[in-house]
Each structure stands twice: as C-alpha cells, then as structure tokens.
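Okay, so subunit A shows up in both of these, paired with subunit B first and subunit C after.
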Partner chain A sequence: MATTVVTDAPASDPVRRARRTTVRRTAGVGWAMLAPAAVLMIVFLIIPILLTFGLAFTNARLISPVPAKFIGIDNFVRLFGSATFWKSLLNTVIFAIVIVPVQSGLALVLALLVNAKVRGTNFFRTVYFLPVVTSMVVVSMLWLFMYQQNGLINALLGRLGIVGPDWLGDPRTALFALIVMSAWQAMGFHMVIWLSGLQTIPGELYEAASLDGASTWQQFAYVTWPGLLQTRTFILITITIAAFSLFTQVNVMTQGGPLDSTSTVVFQAVRTGFQQQQTGYASSISLVFFVIVLAVSLVQRYLTRDKELKR
Partner chain B sequence: MTVTLKKIAVAATAVTLAMSLGACSKGGSTPASPAPGGSGASGAAASEISMWTHNAGNKDELAAIQTIVDDFNGSQAQYKVKLQAFPQESYNQSVTAAASAKKLPCLLDIDQPNVANWAWAGYLAPITGMDDTLSKYLPSTVAKYNGKTYAYGYYDVSLTWVTRKSILDEFGIRVPTIDQPWKADEFMAALKKVKDSGKYANAADIATGWTGEWWPYGFSPLLQSFGGDLINRTDYKTADGVLNGDKAVAWATWFQNLAKDGYIAKKSGSDPSQDFMNGKSAFLWNGSWTAVPVREKFSDVVFAPPVDFGNGGKVGGGSWTWGQSAQCSNPEAAAAYLKFASADKYVALVAQKTNNIPTTDEAAKLVPGFEPGGVNDVFRQYSKKFTVMRPETPGYPYIATAFEKTAKDILNGADPKTSLDALVKDINTNQQQYS
Partner chain C sequence: MSAQLDAPAKGVVHAAGEKRRPWLPWAVQALRIALCLVFGLPLLFMVVSSFKPDTQIFGDLGSVSAFLPVGSLSLDNYQGVFERVPFARFLINSVIISVVTVGLGIVVNSMAAFALSRLKFPGQKLVLGVILATLIVPFETMALPLLWWVNQLPYFDGSIGWLDTYEVQIIPFVANAFSIYLFYQYFDSIPKELDEAATVDGASWLRIYRSIVMPLAGPAIATVAILTFLPAWNSYLWPLMVTQSESIRPAMVGIDYFKQMNVSWGQIMAYASIITVPVLVLFVAFQRAFINSIASSGVKG
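The block that comes next holds the complex of A and B.
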C-alpha cells in the first residue's frame, strides 16, 4: 500500500504533460473504449437487422440444401392473410396499452412508499427489487404453479368464497394473467428508476411548498410530478419497448395458447423461425414488427420532445 | 506510472476483445473436431474421429455409449473415436450450427423424426453394407429416407394405457389383451363409469400438460387409430383428405369432447405418472418409460394395449438413432464404428441402462424383463404390432409443431373441421418445397 502511494505522487506531473501533448492518444483510448460496444452492436444488431431486410423477401429455410430464392412479397401476403398474426398483433397492443400505465403507476406508488423517511425502507426496497433480479423463466414457472386451477391463487380466492377460473387455460383470462404477472416482475426495476428521479428533486422545494401551505396532494401534483418529467419519459419508453418484446412468459407459460389468446408477434416470429424452420417468413414477421416498434418510438419521441419545447 | 497503467489497461482490453472475437469467429467449433483431412495420417497414431451425443444430462445412457466407444478404441489401433456430449435442449441447435459451418462430427445421434429432414438437408450420409444386421432390428429403430438407411437406434419405446387390475375389477372392465384390445365404445363406457363414480379427479390422463414432440408422438397414433393420418404417405405431398377427412374430424371431435365432457384435463399436471400413482387418474396414456416407477408403487399395474378406435390400435415409434455425417473426413472410420457398435451386446447394454425396448430379439434375451414372457415383453410386442412411424419426410418438424398447435386449439374448443382445414393448408404449402 505505502509504496503505491509514494510512487504515484511524483508520477502525476508527466501525466499532465502527456495529456497536453498527445490528444491523439486520448482519442485512441476513446475509440478503444468504444470498440467493444460498437463491435457487439454491429455484429448482433446492425448486421442481423440488415439480414432481416434481405431474408424477408426470400423463401430461406433454417435447414435446407436448396439456396434461398427471391420470392417478392409472398411472405407478406401470407402474413397479412394469417389470422394468428392479427391476433398476435392485437394481443401485443393490448398488453402494451394495459401494462404501460399499470406498471409505471404501481412502480411510482412503490417508489413513493419506499422514499418515505422511515426505518426499514432498505428492507422493502430489496423485497420489491427481488423479482427483477430473479430470472424471468424462474418467475414464469412459479406463477405457472400459482395460476393452476388448484393453485395458490385459486386457493386464496376459495377462502373468500370465489371459485377462481383456470387462469392460463381460459382464453378470456390468460392474457390478463400474463399482464398481472409481468407487471409484478418488472415493477421493482421501474420503482428504482422513479426513486432516483424522486431523489433528484431538491428538498427545499418541498419546504417552500409546505411553508406556502400546500397539502400533500398539492406537493405531489406541483412539485413531485413536474420534477419527474425526464424520468417519466424514460420509463414510458422502456416499458413500451419491453411490452412489445413480450416473449419469455408466453414461451414458458402458455406457448401462445389457448386459442392464440396469448400469442405475441415476437413469439410467433421465434416459433416460425426456429421450430418451423421458416427463416424467410419469420424475417418478414420481424420486419413488420420492426416497422411497428420504430413507428411507436418515433411517435413517443415526438410527443415527449414537443412537451419539452413548450416548457 | 499511471500512464503505464492506463496503457496496460487499454492493451488488456484490446487483447481480451481480440480473443473474444477470435473465439466468436470460430463459432461452434469449440468441441475439438479433428483437423480437416486428418484421415491422411495413417502412420503411427490412430486417426481420430469425433462423435456427438445429446446425452450430457442422461448419466446412464452416456456411460453405456462411452463403454461402446472404449471397446471400439480398444478393439483396433487404426481409428479412435472421441465422444462429445451435449445437453439435449441445445443439441439440435448445435448440430444445425455446426452443419452450416461445415464442422459436423463424423458420428452423431439423431432423434428419429429429424432424420428425414437432416438427410434431405445433406447433413447425413447413408449407411451401407449393414442391411443384414439391421434386418434383425425393429423396423421403427432403422431410420430411412427415400429408400436409403440413414441411422439405427438401440431401442424404442411404446405407448400404453396404464391402469390397475383393482380399478378394472371395481368397475367391471374387461382386462384387454394384445389380440383383443378395448374397442372405442368399450373404452368410453369404462371412462364414463370411472368418471361417474367421482373417485378420480380425472378419469384419464393423457399428459396434455406436456408440450412439444409429445403431441404428435402421443396423439397422432390416436388419430391414426380413427383412420386419419398426418399426411398422405403415398407421396408425402398433401395432407388433404387424411388430416381433414371425416375420420380425422371424428378424431378431433372425440378429442375435444374428452375435455369438454370432463374425462381429461385440458392441461394436466407436469408429472402425469405421479398423479396416476397418487390416485388422481384411473387411466394413463404414456410411454413405456413410466413402467419402472409405476410398478414400484403398485403391484397390480396393467399396461393395456392401445385402444382400437376403428382402424386398429396404434402407437408411435422411433427414438434416438445413430448415423454418420456427410461432412466426415474419414467415412471408413465412421462406418467401422457403426458396424462395431451394432452388436447385440451393445443393444442390450444401452436398452438395459435406459429401461427401453431392445431392438433385436437376441438383445431382448439379455435384458432382464424384456426376455420372452418377461414383465416388459408386452412393450416389445406392442412396438412390433402397433407402431406407426411419424411421417418420414423432411417436412416433419413443421408438421409436428403445426399439429401441436392445432390439437391444442381443438382441445380448447376450436371448431374441428375449420382447424383441420387450416392445418392441412399450412402443411401442404410447406410440403411444396420438397418435391
């Protein structure tokens, strides 16, 4: 330890000189730092996206001795004529529309609760965050058991004299069951984001507000809520994107059933591409999905940016 | 000093990156495959070929296969086989990835229904000169495509209706035999009696909670017993008429009503054998693999033959099989191994370790329980008499997943005729590319 301190101190002078003289070296370091992320992005994101654009117009197969042939828009004609696709798209949209307000709202409530200056908040923060660090597959398996006809949830409902449905086996309740479970799992993450937002709001504002005689609700509406603008935008966009890419829960719990009531666009693409080996068709699904997500993100960006300008 | 540290850090990052990239570019080749053209080295060292198996998670079967490999390596000095085990979940992906990178091993095991697909794709090389040996094998363990043999397996499994003598006696149900299995009416009457008694949560459990290959494997024999099929097997071009004809619709309606009338659960538990042993169901439609635990629990188990729904009883066939790849640099070595490993004693060894039906008569005599008159002999007889192979066409993986989805939809109340028509249309479209 001691030696390190001694050697470090005189060494700081040459460092400054080096920095002044060789900007190029710093730039090089910058590129080196960027390289891992850039390479990964190019290999695992940019190239696959470009490939998807190409493959979507071919009859490429996962396993085939015959080279892929260009078949124009056949895949898209087939896709738009497929009832499963429209149902999957509808499910995805319903999932997103419901889960964005529910999950962010509940997460905000949790954040406000654990932001209170009382003993034991760290304990609750940890508890609420636990589902997030648990693997989604594990969470799905657990909820699969809880949702069974004679599972935990129906047993609890039974105590109240309610005969619970077969949550995942009934087309009317399956998607709802997935939404509840997904919101519960991811809520903790957004709670932490809200929490960080809450803690950036200066305490003086609350002091000033309470001196002016603002009620708790008024403090929330006129101090907290406006102060969370940036956080809100971030949460809105991340939840929306996560909602659109719904896959794991569906794959583990329902495989899209019953009667396509929980099928999603991503699930359909994976199923078509890997299990059914139709790479070309799966690419066309992904391409359509890409366009939809892009459109949604652009709209969101436009809306949130517009608000910022007005202020 | 700090500069040096920084340099080192940057250099280290760069090196790590370069290494990870290097690893990436090598792709799936991590399992040490022999250098290309390694066959030329016929000097002092034996030329090594690699062999892949899905058995990383199955300790007993892996040990049996390793024994065969060791015996082969010890029996001669010319070739050396190196065994690589993969977890079953990622095995098919590994093979597909290796095939596109032209890094397939010389020998590999293949789930029988995939053989046609992989043979068509050019992954596999036909096995020649073994017709004599393989003629003694159960037909369902010899995987063929377009008239050529591509793989053979040591064992098969059969399907059976598991129940208990005490249950049959209590409800006055006849004990069926292989020559006189239950007829449809008889079976449905039995189910009704059991259900009306209210003693069982489900009269029957056909493992509807399982997903994947179980659906075509377990339920297409029921469809075939009604007189339908997954595809017209004369040319494998269309499923029209067989999968959406009157008989197939009759099957689908019956299947849907099983759940609607409360004989089975739409989604059974994850371990149907366990549920049966706990008295939750009176009849269990399952593979012969369930025999060992069930027999431990009950002394009066009856393994009944498949019910005859009009076209005779049917069970599925085909399990894991061994073959050689088309990318092998030393085909002679691979062929030598396949010949060596097909001996009866190895069939017996693997079948015994896995509790499955040995494929040859000679091997059956060596496996306790499977000898003629043994407790497990029924499964061998069912397999011989009732087996219908899953369609041996490259389109099978598509047929299997599409069938699973449609069967699930039907069970959940979709209209049988409409669903089957849509399924036929999809399968026909997919089959077009193979003609």
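The block that comes next holds the complex of A and C.
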C-alpha cells in the first residue's frame, strides 16, 4: 500500500522503483522507532482498558487457582444494590460539583493577581505553586495533623474564640475538609494554565476596549472571559476528572470514614479489587467510573463547542 | 482584582481606577500577601515542626511560634525516622524508580514522536489519533484491571506475575501519550529541511534523530522530564498495591508505617520534609522550566 504514493511525475521505471524502496524503507524505520512505545502502550494501557470491560462480567479474583468465569451482569446487580457504592458515588459527585467551580474560580483569581507587572509577582506565583510540587501523600499527612481536634487549624480558630469541630471525625465536615485541602493543593496548577491562557489574548483588544471607555469589569467580561474559552474547557475537564479520581486523600486521611462519608468510587474499587482481591467486582466499579469520565468529557466538549458556533 | 489584568493600556485603566478608588492597588497587594500565607504557611509549619519535639509542636500551636524555628530544636526526629523504618532504602527506591522512568520515557517517547512527526508512512495519522484518544482515560479507571493483568504476565525469569518488583513500578509508565504528544509538537516546529540536507549527506533516520533533532529538542526534553518525574516521585496508589517487600518500596508508601505505629508527629513531619524539600528546592531553582512545563500541559484542550 506504500507504493500508491508514487503516481505523480512521468518518471522512468528505475527512478520509480528507487523511490518505492525508499518509501518502503522509511515505513520500516518508522514502525521500528514507534515499536517500543506502541508495544508498551498496547500491553499496559490498551489491554487493561479492554480488560476493564471484560473482567467486569466475570468473577475474576486477584490471586486464584481457578480461572475466571463469565457471570453476566451479576457484578452490576450487586454493585447497584450496594448502599456503600451509592454513597461513594454521591460523595464523588458532591466533591466534583463543589470543587470544580471553587477551584477553577479561585485559580483564575490567582492568575489575575499574578498576571500584573508589579514587583514581586514572580515570588507570589512561586509560593502559590509550591503545594502543586508537594506530593498528595505529604499534603494529606500535613493536613491530617492540621485537621486534628487539637491540631493547627482549631488552635488558630481557638485564638479567635471559635471552637472548631473534629474536622475529619465528623461525618458532616469530613468531605468538606477534603475539598478544602484538595483545592489548596491543586489550585496553583490551574493558576498556571489560566495564566498561559491569559497570555494568548492579544493586548490590542484591551487597548481598543479601554479606548472605547470600557471599565475594568467590562474588559474582563467582554475581552478576557471570551478569550479564555479553550482554557476553560481544558480546566473544567481536568478538574472534573481529577475530582472523580479522588483516592489518595481518602486513603491517607479517613479510610472512607466516618460512616462512609468520605468513601469514593476509586476508594471502593481499590478496597474491593486490592484488599478483598475481587478483581471482577472492582472492574465493574472501574467501568462505571470510566463511563462517567467519558460522559463528562463529551458533555463538556459539546457544551463549549456549541458556544463557539454561536459566536 | 480584575484591575490587575496585564493590559498594555493599563496606564489609562489604572489612572481612572485609581482616581476613584485609590486604595485598590493596596488592597490587591494585601490580598496577594494574605494568599501567600495561605499557601506557604502550612509547608513552613511542616518543615519547622520537623525540628521540634512533639510536646513543643503542640505547645506552639496557638501562637506564631508554630511557624518559627524557636525553642528546643534538634535533629532527633530525623534520626528517629531512619531508625524506625528502612528510610534510606525507601529513598533510594524512589530515586531509582523515578530516574529510570524519566530516562526510558524520554528515549521511547521521543523516538515514537520522531517517527510520527518526521517520517511519512501509512497508518501514522491513525496511530497518533489512538494515542491522543487515550489521554482522557485516567489511570485510576484501569488500575485494578492492570493489577490483575500484571499478575498474569510472564516475568523475565520465566515465572508468572510482576508483583513486588522494580519493573512493575517502572515499565507500565514508560510509554506516555502526553509525552509523545509534547515531543511531536516540538519536532514539528524544527525545520524539515535539516532532514533533507542530512539525507543528502547520507545520514540514516536514526542518525538524524540522534544527532540533529534530539540535540535541538532541549526544552521539550526538560518539559517531559519534569512532567514524568513529578508523578513518578509522588505516585502512591500503584506502589501501594504492587509492593510488599521493603527492599523495593518507595518513600511515598513508606509514610504509611507511621500511621500504624504510635504517632510521632515530629517524625512524620521530618519524613514528609525529606521527601518534599528536595523537590521544592529543584522547583524554585528551575522555576521557569517547571511553570512552562505545566503551562504546556494546558495546550492539549
């Protein structure tokens, strides 16, 4: 099939043949250079994704002498009948619904704050970004201490005469506490993404707007915000997916408790698939998770595309 | 805060804004500083506490000294960390795993990107499409099936199952769709005429890759290195599931030991500081490269 490329000039046969071999050789080299990455991606990415679909309908166990058996939709029947699953899904959805606007909005504020050419902005940007390069495990440990009943946050609140709750021990505040901490950790990341978006907006637009007498707010609403459409889509999708992938914080800080108030979809999948070794069941959870992520990406992409057309 | 938009015409904007609200720039600056405290103080608290005995950490909590290196400072917590767990081993493991992942990742992904960007062969577009499509799949969705899968794979010595090895922590993360994409984009910006000239001089494609394109790809290599290193160094879920022996366990998972034993917060802070501060120092030193790498991860939208 590589040979069909050569149909242009009326070349003599030897030339054509020579070119044909070069094309074929190039293809050979191309596939050879692609091979290591391709093989690794097939084995450790494509196959596991396909396995998610396959294993979800079996009773596969992590370590088992008996081969996995096809059991139809039994896993899903069990899953949808499980109160813990619904609670985990609900927690995950609440987490996502709260953290997506909060984190992206505050990150935009940070980006606007450090986007000015004022002395010291570089320093501020660096500090805001520090939590991003700190691992989530460390951040979780640190905040686990800060959230203790007798920890840093309550001690500081105590100075103001407020008696703080047992943040992680109370089902009413635990999820909220995780949201605050997660937003704190990742906000600098999205600040940088917003910043790079802000820098793509041409300066002339602001010039024109201010000549027309637009106020700062109007400039934001009619120049900055529309100019950030692409960035917005990206940020929404990444925060949403990260929110649905919530695991580390839960595992380090609360183990899903108290009373399942911080259990999440991924935490459930790990608990069943790793600790209880029920790979089949865990795969059905993963599959549900996968479908949600896919749906969210498609919906967000669709919504922003719609806006682009209207404009 | 929208007054801070970095517009070229901001002289005009500010003059108007400042006349009506002269306090605004000060308020904005105060906000910047307050946020600095919000993001910086917890980390400062972590490092400072790592030098204090537990009783003092709690004693200092309600006052400014929680964030200051005052009182009886010592390296006792650090010593305790090394005595209590095989911490040196954990650290070495983390270094081995992340450095090898980064090194192999640069070679494997840049070669693939080179083939996709600079060679012409059928099927290219499809391959690139499939690679980009995998970008939206978060690792967490396939972690459990992958765990089952690596446990069925034949290992290099002929036995079955990869669990509890270095390889299982490295090899699945070498090929990376996003790294390929970053290299691909960068290679596309290097003039193709260079290849033609080299071909005329008799250079092979491998030669062009090694001696022409890669030496020009410094910024892309730096970006990929940073974006591969951070998740490798910080990874938690995967090593938690695949490692059992201490001899191959990385530092992030090792911190769990401290939750199971009598909690010494000073030691936890010391442990956390050792695995965090080097990365923070690297970040501050190579700040521009870090920020640009992260910014480039936004382009895929």
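FYI, the second predicted complex is superposed on the first by the 270 of 311 C-alpha atoms of A that agree within 3 Å, B and C clash if a C-alpha of one lies under 4 Å from a C-alpha of the other, contacts with A are read in each partner's own complex, and residues count from 1 in each chain.
The criterion applied here is as follows: a contact is a pair of C-beta atoms (placed from the backbone, for glycine too) under 8 Å apart; a residue touches a chain by one contact, two chains touch by 3 or more.
Nothing here was measured: the structure is a model prediction, and the numbers come from that model.
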Discussion item. Touch test for A:Val77: subunit B only (first), subunit C only (second), both, or neither?
Written reply: neither
Worksheet item: Touching A:Pro65 in the superposition: subunit B (first), subunit C (second), both, neither?
Response: first
Practice prompt. Could you tell me if A:Arg271 is touching subunit B, subunit C, both of them or neither one (first, second, both, neither)?
Written response: first
Practice prompt. Considering only touches as defined above, state whether A:Ser283 meets subunit B (first), subunit C (second), both or neither.
Written response: second
Worksheet item: Touching A:Leu303, do we find subunit B (first), subunit C (second), both, or neither?
Response: neither
Fill in: Partner chain(s) touched by A:Pro171 [first = subunit B, second = subunit C, both, neither]
first
Item to complete: Kindly classify A:Leu211 by the partners it touches after superposition: subunit B alone (first), subunit C alone (second), both, or neither?
Response: second
Worksheet item: After superposition on the shared chain, which partner residues are touched by A:Thr224: those of subunit B (first), subunit C (second), both, or neither?
Response: second
Practice prompt. Name the chain, either subunit B or subunit C, that contacts more residues of subunit A.
Written response: C
Discussion item. I'd like to know which partner A:Asp260 touches here: subunit B for first, subunit C for second, both or neither.
Written reply: first
Worksheet item: Of all the subunit A residues, which ones make contact with subunit B and with subunit C?
Response: 29, 33, 36, 43, 62-63
Worksheet item: subunit B touches which residues of subunit A in the complex?
Response: 7-8, 11-12, 14-15, 18, 29, 32-33, 35-36, 39, 43, 59, 61-66, 166, 168-169, 171, 255-260, 271, 275-278
Practice prompt. Spell out the residues on subunit A that touch subunit C in their complex, using ranges where they run on.
Written response: 1-2, 23, 26-27, 29-31, 33-34, 36-38, 40-41, 43-49, 51-52, 55, 60, 62-63, 109-110, 112-118, 120-121, 124-138, 141-143, 145-146, 150-152, 155-156, 158-159, 184, 188-189, 192-193, 195-198, 203-204, 206-207, 209-211, 216-217, 219-220, 224, 230-231, 233-235, 237, 241-242, 244-245, 247-248, 251-252, 266, 269-270, 273-274, 279, 282-283, 285-286, 289-290, 293-294, 297
Practice prompt. Could you please specify the touching residues of subunit B with respect to subunit A in the complex?
Written response: 1-3, 6, 10, 13-14, 17, 21, 24, 96, 99, 117-118, 120-123, 211, 266-267, 397-398, 401-402, 405, 408-409, 412-414, 430, 433
Worksheet item: Quick one: in the complex, what on subunit C touches subunit A?
Response: 1-10, 12-13, 17, 28-29, 31-32, 35-36, 38-40, 42-43, 45-46, 58, 61-63, 66, 108-109, 111-112, 114-116, 119-122, 124, 127, 131, 134, 136-149, 151, 153, 171-175, 177, 180, 204-206, 209, 230, 233-234, 236-237, 240-241, 252, 255-256, 259, 265, 268-269, 272, 275-276, 279-280, 283-284, 287, 290-291, 294-301
